[in-house]
């Protein structure tokens, strides 16, 4: 009876890489595949037209999205989505940091922000449209109007939670305002900010669709609404599938960024994982 | 005391931390045994791997290689008979609980009546001199007070094995002396086995029945010193014994050699 | 520097500032149509809106509609939060589950609930359940993601402490994991509360079951901009109210947390 | 003092009446239905109708299929599309139609600034409809082509009717397809009436139809018969100019329209008899402009009761 | 040394922490002065308010009442001439920066050339014996190593006043001796004024030119002891002086009285 653990001691770095990639692949595709199979089986036994099988949807996907629709509808949507996300992140972090740092500002603005946060975007769209016209800017603004909240709120809370000893350290060394921001406040809040950004990504995608569902004539969201109105059920599902794929892609990209930004954070977490 | 059974057996323990900027060999090769009911002090240069060693013994960290046995069984995870006082006492207290709540927490799953539990908690908090602060939260306490809360928690838990990592680093000399006597008393009356890491050489000699001196990294046991002082110890008289001075000077020399890396692996 | 202890009436100042912010906004709003930046036909005067609100507030029917909206909001939010906390904790704690569900979660999250309304109607008809399904779907993810991140934020030393004292799974959950995740959860619930409100109203607008949303849609299709904005203002005020409630809960439950206690010092 | 604008006059004797749920948009046209209910016509036929304000066919048809509602009143394009997808939906009767001559119930209006005066000039301009791929854009394209313009160059945008006045004024669109009361409102502020596309293309076109499912028709012929009889009577009642005040009163009771608007808004022509030819020509046009890629099976779809 | 100007003047300093479960009087009434270039050690029972005092002097905490003057100016905020080593060293290091980054951080806004800065950082890290760990992150270090990083950061900053709160609590005896000599050297060669909190009585006597003994709460200055040992000190010879032993015994007695609450306010 002994606990000699020589064998598990070291993951060999070279050979392990391939296996890790394979495992990652299996993890990320295993459950989706399983669900697809279950769904396929379920739909083949049911005849509900509103829930077609995966094969029908894949077929519709191929016919609908691969081709000119990609350039006409999907790319412009993604472009606006990218703009919206970028603007949300910049605004959310900048405003969140300011609001989190300055208590009077927070007290001044909080009720107002909460007021706006509760207003449904569909109601907001006509007003924004009035101010900005039926333009890309208007759609980007609608995206920002929703996606900025998770980032803003998380940033505010993250900034407020900066450890007291850490900020006293910064105070005592007379760290400049800018350095304080760059080396203390933002890194300390970064786990929260990243949570917010991750939330914001999917909200942005949702609002991209909503901004196109009203007052539009092209785009992914418009297409989905169009299919819906026309009972092109398989096509509609294929649009939702596409949205999901975009979401997964965004999340994957974000994952890479997050691992870089929060390397220290994940490092701490992995330390004592015996 | 040769009849006491072996509590802990450590053989060729080695621990390497793997990290992005290179691996760190925290422990080179440590072997020792500890009998049940013993009080062993561990000293060694800063960063030599004492905390790492304790974590491996407590089942909190998986050794890279080597054997750790407790009561003849390999250690695979934390044992319920063991209580740990962490070096980072501040982070080991839960800020959302009061002092009392923190001390009480590990007792919750012990089958104790309400009164028994309350008594244990109250006694432990009084023993470390924090009765007046029982309802405060950890972040309302001074560093030394926080450390004493962590000690109270370990005591109230009534473990068979007590593992303490520099538990008195943040308390004043007088309180330290009181707490040292408290630990010795627990050890003597309740037969608790104690593993005690300290940087205070006098403390290690005053408290321990054995002092393990660790070398600097890559770490091995540089010296395993039996402290042949009488079991009845006393802050004034014991520390005044010539043998005490001899022992402390010996340990001090060893530490110095360890630090300078002069000692040679056996 | 003679400083004397003055307990400033913080909450009063806070309320004053908040009211000042809102008032400033209302003044700007009033100015926009007054200065002719936007035709008052499309963006009515604040004063008109308040006159209309005063009228609505005296109408029982208004309160009944508000009741409908708030009922579906409250049920939706409660169900979503409960489900998200349970599932989020489980998924967040089990690395295998976290990795395995990652893709599916990221796939499902960005699916806009508005696009699901026809399906909800297909499943439940033009009923409150359809609206509930939409509300729950949308607000679930808000809480879920926050909980997953929060659960992963447990401090390493705090976790070792729990492990070393052999805390049971349940104790670890309620005394370590949940308190750590609580700040994240609170943010998540506040986000979800707003999302749930937005969807309760959007669903009423689109599906047409009774409530504030239907009033908004009716005013809109009648070209009654004063009524439309009056109801929009009610929505905003609801959001504000909900936030005040959650802030209060937060101050109570997070009094130990840096973000709340930090306000007390200096 | 408090008021309660929801308070319904008590005394509904819905004891042995059969409950029927009908989805209808909250628009002025629905006044006939509300008025008929108030006049007790449905009760007379043993029906207690509940009107659900579902937004458009996209929601009404799933609810029909689901069995949550029994009938829907909606634009013909909804059932066209549903038929193409083989959803088992049938049109059992007409509800409201546009006028073959005189002022129609909807029109394309161009902003004064755009300088557009006739349909052909809409080519290349931004024109809004409330929903793309339906009767609005199809008939506008036809009207433009008829006037000698190139219909393919029109840029259609979706703008909800209530938002049109503001968007026209803000110059975000050049022209818009709107129903009453917006036509009157826009014209009175100086915008230009261009064309009434329904009238220009398919005079007397059905704007709203009564929709049910095939399944319902087969399984519950009695309900269909009762509903048909009641609807026939209701629509005749509403079409009778003697009852106009009652119909307009129903608008005021059910919609938040300002009183003068409710009094002056142009009502459509109500009637149960379907004009199959106009529907077919609409579908043909839709095919021509690639709004529909197939023609619905009218023999199956239209089941005039 | 009566010609040295007054650096710090503290008069009737009082600090009360206000919290939900009652106020805590951390400092009762403290008055003392410190001349420029002096090395003053502060000792006192655990929880007597040493950390609180230092924070007030450093301008990090606002006293409840009383006067704190530095260089004749009332202290209203942290001064650029001052560096602090915090008792909670672990939490005062930024986990997202490497050791080097942590030490370098406060130098960034000093007008230094790249080489000068690099040299300062490298020298400081070497002085505390961490050259091999410069590229590690704080959480990859042992407790003692973390504490030495905090010390290196303060040294590299080249302050005129150095405030240290139990800076050697977590390092081994040998390292401690080395660091003590480092502080004395900085004090003597660079004329840095040092305020040094410690629990090690020998250390306070060995290092200090004066030792302030604080009473238990409510705190006042129980004794202000001038250390009349020669300015040239040495670990072996100085500690062997009979006067050293006298002084340390005196301080020990005072502490014991302070702890027991036997001392009477002046």
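All chains are identified by letter, namely A, B, C, D and E, in their written order; residue positions are counted from 1 within each chain.
One rule holds for everything that comes next: contacts are C-beta pairs under 8 Å (C-beta built on N, C-alpha and C of every residue); 3 or more make two chains touch, one makes a residue touch a chain.
What you see is a predicted model; the values in this text were computed from it and never measured.
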Least step count from chain D to chain E, where 1 means the two chains touch: 2
Lowest number of touching-chain links that must be crossed from chain A to chain C: 1
Pair of chains ranked first by number of touching C-beta pairs: A-C
Whole-Å gap between the CA centroids of chain B and chain D: 83
Whole-Å gap between the CA centroids of chain A and chain E: 47
Cα-centroid distance, chain C relative to chain D, in whole angstrom: 37
Chain D residues counted as touching two or more neighbouring chains: 58, 62, 65, 160, 162, 166
Contacts with 2+ other chains: residues of chain C: 42, 118-119, 122, 156, 160, 205, 257, 265
Shared-contact residues (touching 2 or more other chains) in chain A: 50, 130, 163, 228, 267-268, 271-272
Of chain A, residues touching chain E in the complex: 163, 165-166, 168-169, 171-176, 179, 183-184, 187-188, 190, 264-265, 267-268, 271
Contacting residues of chain C [partner chain B, same complex]: 155-158, 160-161, 163-168, 171, 175-176, 179, 182, 256-257, 261
Residues on chain E engaged by chain A in the complex (per definition of touch): 55, 58-60, 77-80, 82-84, 86, 88, 91-92, 94-97, 105-106, 108-109, 137, 139-140, 153, 157, 163
Touch list for chain C against partner chain A, complex: 13-14, 17-22, 25, 38, 42-43, 99-104, 106-115, 118-119, 122, 138, 141-142, 145-146, 149, 152-153, 156, 159-160, 183-184, 186-187, 190-191, 194, 197-199, 201-202, 205, 213, 216, 228, 232, 235-240, 242-243, 257-259, 262-263, 265
Complex interface listing, chain E residues touching chain B: 17, 19, 21, 24, 43-47, 49-52, 87-88, 90-91, 133, 135-136, 140-145, 148, 166, 169-176, 199-201, 252, 255-256, 259
